[in-house]
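The chains carry the letters A, B and C, assigned in the order they are written, with residues numbered from 1 in each.
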Amino acid sequence: MGVFNSPVARHAFANSLEISARTAIVGAILGGLFAWAIVTGKPGGVFYKISVALSSVLAQFGGVMLTFAFLATFGFNGLVSTLALKFLPNTFLADSTWLYGMTGLSVLYTFFQIPLMVLVFLPTLENLKPQWREASDALGGRAYEYWLRIGIPILTPSFAGAALLLFVNSFSAYATANTLINLSDFLTPLEIATALTSETGGSNPAEAKSLSLYMVVVVVIVMGLYAMLRRKVSKWEQKR
Amino acid sequence: MSSSAYVQLVDLAKYFGKVKALDGLSLDIAEGELVALLGPSGCGKTTALRSLAGLQELDRGQMIVDGKDVTFQNANKRGMGMVFQAYSLFPHMTARENVEYGLKLRAHKTSGDKRKARSAELLELVGLSTHANHYPYQLSGGQQQRVALARALAISPKVLLLDEPLSALDAKVRTQLREEIRRIQLELGTTTLFVTHDQEEALSIADRVGVMRNGQLEQIAAPAELYDRPNTAFVAEFVGLTNPIAGKVSGGSIEILGGVVKTLPGSITSGSGIALVRPESIDVVASKAGNATVFSASFLGASCRLSISLADGTRVTAQLPSPDAIGLGAGAPVKVSLLDLPVFVKAAG
Amino acid sequence: MKQSLGVRLWRWTIIFVVALYLLVPLYAMFDFSTKPFGFADKGRTFRAWTMIASQPDLIPAISRSLITAAIVMALILFLIVPTAIWVHLKLPALRRPFELLCLLPLAIPAIVIVVGIAPLYRWISINLSESPITLAGVYSMLILPYTYRSLSAALDAVDIHTLAEAATTLGATITRVIFGIIMPTIKTGIVNGSFIAIALVLGEYTISNILNFKTFQVVIAQIGRTNGNVAVAVSLASLLFVIFLLLIIPTKKRQGAVLDVDIA
């Protein structure tokens, strides 16, 4: 298990955790808000269907398409980069290597975290019974009071659970990193793959397997937290 | 309709596309009165209730409560207590916290101790003091509705609105709870609007019952009057059982079952008609020389319902106090006659 | 319930911001794929798009991926759905652990899955088949989190116990109950779960790449190394195609929607 004595490995692992946390939080908030926007529209209407279809696809089409999309936007000849060069030449947007830094990667990952959040959180929002809002109104509550005392407390466990799912999802998003060039040895999943299929010096299966173990442990802890949150929510669900 | 009624609904209208949920509904409720809105699904009774609560916008009409026009007022300013059909308790709060919610919103007016006292008082009123710290999922359907009632009453509402509160409950719980609702309502003197599709429910607890159909009020009267003197065929048939018996109408009377009875106002005045006869208006005695036979008998406890086959092949349902029905089983020969009570007659065909 | 102006403003702001985030990259792809390339073009062109059909590896890869999708759907219908129904019906105590089990594939990184599965697939390619269609097995496991959630929601919405009991007393066997009674009732849940599965099969890259299978996405990446415009065009086309597929399937209105209008 000396693998974690390597500063490179530790650094990679830490980066992995940081990106996952950032994208999970941003994705959860934006995705959650978007899910709310969907749910307050016409149920089964055009906007609803398109949003759900788009989310289903964007959550799954990882790796290749994602890379192309973002290279086309922020890469060397990208849409936004070229526009930025013209109008905002001194900002980071004009620099096409921005995408390869931590921020760029976070923006990239968040792109599929948002649809995933919508897919995971939408059913929860739809289970928020209209009677609760109406009861609160009838009892004299204003909108913010409803959200403060009822809406948010009820949604929080599911929201946290969804955010946890986003966290683990990001953590394991290797496909994206692989396609972006010049990114080797940056993230832990990548090191494993390198260790497995390395062309330079033969595979090191032992290192690969112990890194896997460390990742699985992190994942199991997070899933355990998720299970606890689910149990709390199900206590409130009314039995039919 | 007096213009000083506590609650006045004036010419309410609400259309959903082509559907007329409310089509000119006007209704007055006196202070402390319990009015029930009764009707089949889609008649507009819930729309009327929700409009009064402020949860539904109207296309036309005016609503006045305690002298004040509330038509455009937000739901959270109207001070009405509402009890929904189901699922309205906040699941993450205990029974007591649910009941205190309305008071908490007015925290600047009531201290914590006062709130506790008030919620305890109300939970006691609905008989759930021992369950104060339970969560909704730990309570039965009937118990949940009691908490919902306590919650609505906690804010001392001007009007209590009940939207089919018993429909989701078991039969036995339903009868029990409706008596309790009435008892509490009388004790507190709260003006109440109660919506239901169950006519027995409406008749048993309301001061007045309004029968609705297609967004309009067909008739509103005290239960007995609604039952004995329906204004329209719809009301006659919707409330209570009726036997449709054909006969000829002339001079304000109709001849059926070998007798002549007066017709009620609103009936047709001449020609062939169908009288809507209540089961209790049909008298049945055992008679070897009778013109009818008993087809089947149902024992209902205090009374007996008999299905009788007449000489011309048709069947009528009669209802007698049980002691009078002794010996009248299937196949017994009987004589059928009409009590001298007016009936509603609708047009034939 | 009427929405106040503030709420509507808030809502449209959110929609605008998120839509921007999600749609700008997609538009950028379109923009890129219509850029001039090669010597003959000046200005915008759809040449990249028309070249899609002439890519050598693409058609076989698409058909292989579609076949794989069909197999995955079959596995869903005949293995996953009946199991989910069985657990909900007969083994309610196992529901929670089962749900966590089904969420696991989401949590375990694709890389780790590959590390574990590689030996198995080596065996499969030697003894059974070299075709990428064997990936159907792994894919069925990967879609468990999404498909199970969909099924679970549908199963919770319907009283399957009463349905099962009614069918049994009328003489139905357990197979009949599962396939003939309950499955039709949860049709929307199955359809929703299946379409996410199709999205996954057509979109998966990591595992197939490392295991050296030529699936749809792997071929697109391959094209990308030689002709960027065409690769981007294919990517975008596949995305739009699957979205289109998901849109033409009719779905029932969700129960408990926030703005249900009650006329009674």
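What we mean here is this: a contact is a pair of C-beta atoms (placed from the backbone, for glycine too) under 8 Å apart; a residue touches a chain by one contact, two chains touch by 3 or more.
Owing to the predicted nature of the structure, the values given are computational and were not obtained by experimental measurement.
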Distance-maximising chain from chain C - centres being C-alpha averages: B
Pair of chains with maximal C-beta contact number: A-C
Centroid spacing, where centroids are CA-atom means, of chain A and chain B in whole angstrom: 54
Distance between the centres, which are taken as Cα means, of chain C and chain A, whole angstrom: 17
Junction residues of chain A - those touching two or more other chains: 129, 134
Per-residue overlap in chain B, given as positions that touch at least 2 other chains: 55
Overlap residues in chain C, where contacts from two or more other chains coincide: 1
Residues of chain A defined as touching chain B within the complex: 129, 131-132, 134-142, 145, 149-150, 153-154, 235-239
Chain A-facing residues of chain B, complex: 53-55, 74-82, 84, 86-92, 101-102, 104-106, 135-137, 148, 151-152, 155, 161
Footprint of chain C on chain A - complex, ascending: 30, 33-34, 36-37, 39-44, 49-50, 52-54, 56-65, 68-70, 72-73, 77-80, 110-111, 114-115, 119-120, 123, 125-130, 133-134, 143, 165, 168-169, 171-175, 178-179, 189-190, 192-193, 196-197, 208-209, 212, 215-216, 219-220, 222-223, 226-227, 230-231, 240
Interfacial residue positions of chain C with respect to chain A in the complex: 1, 3-4, 7, 11, 14-15, 17-18, 21-22, 24-29, 31-32, 35, 96, 99-100, 103-104, 106-112, 114-116, 118, 146, 149, 153, 159, 195-196, 199-200, 202-206, 209-210, 217, 220-221, 224, 231-232, 235-236, 238-239, 242-243, 246-247, 251-254, 256-260
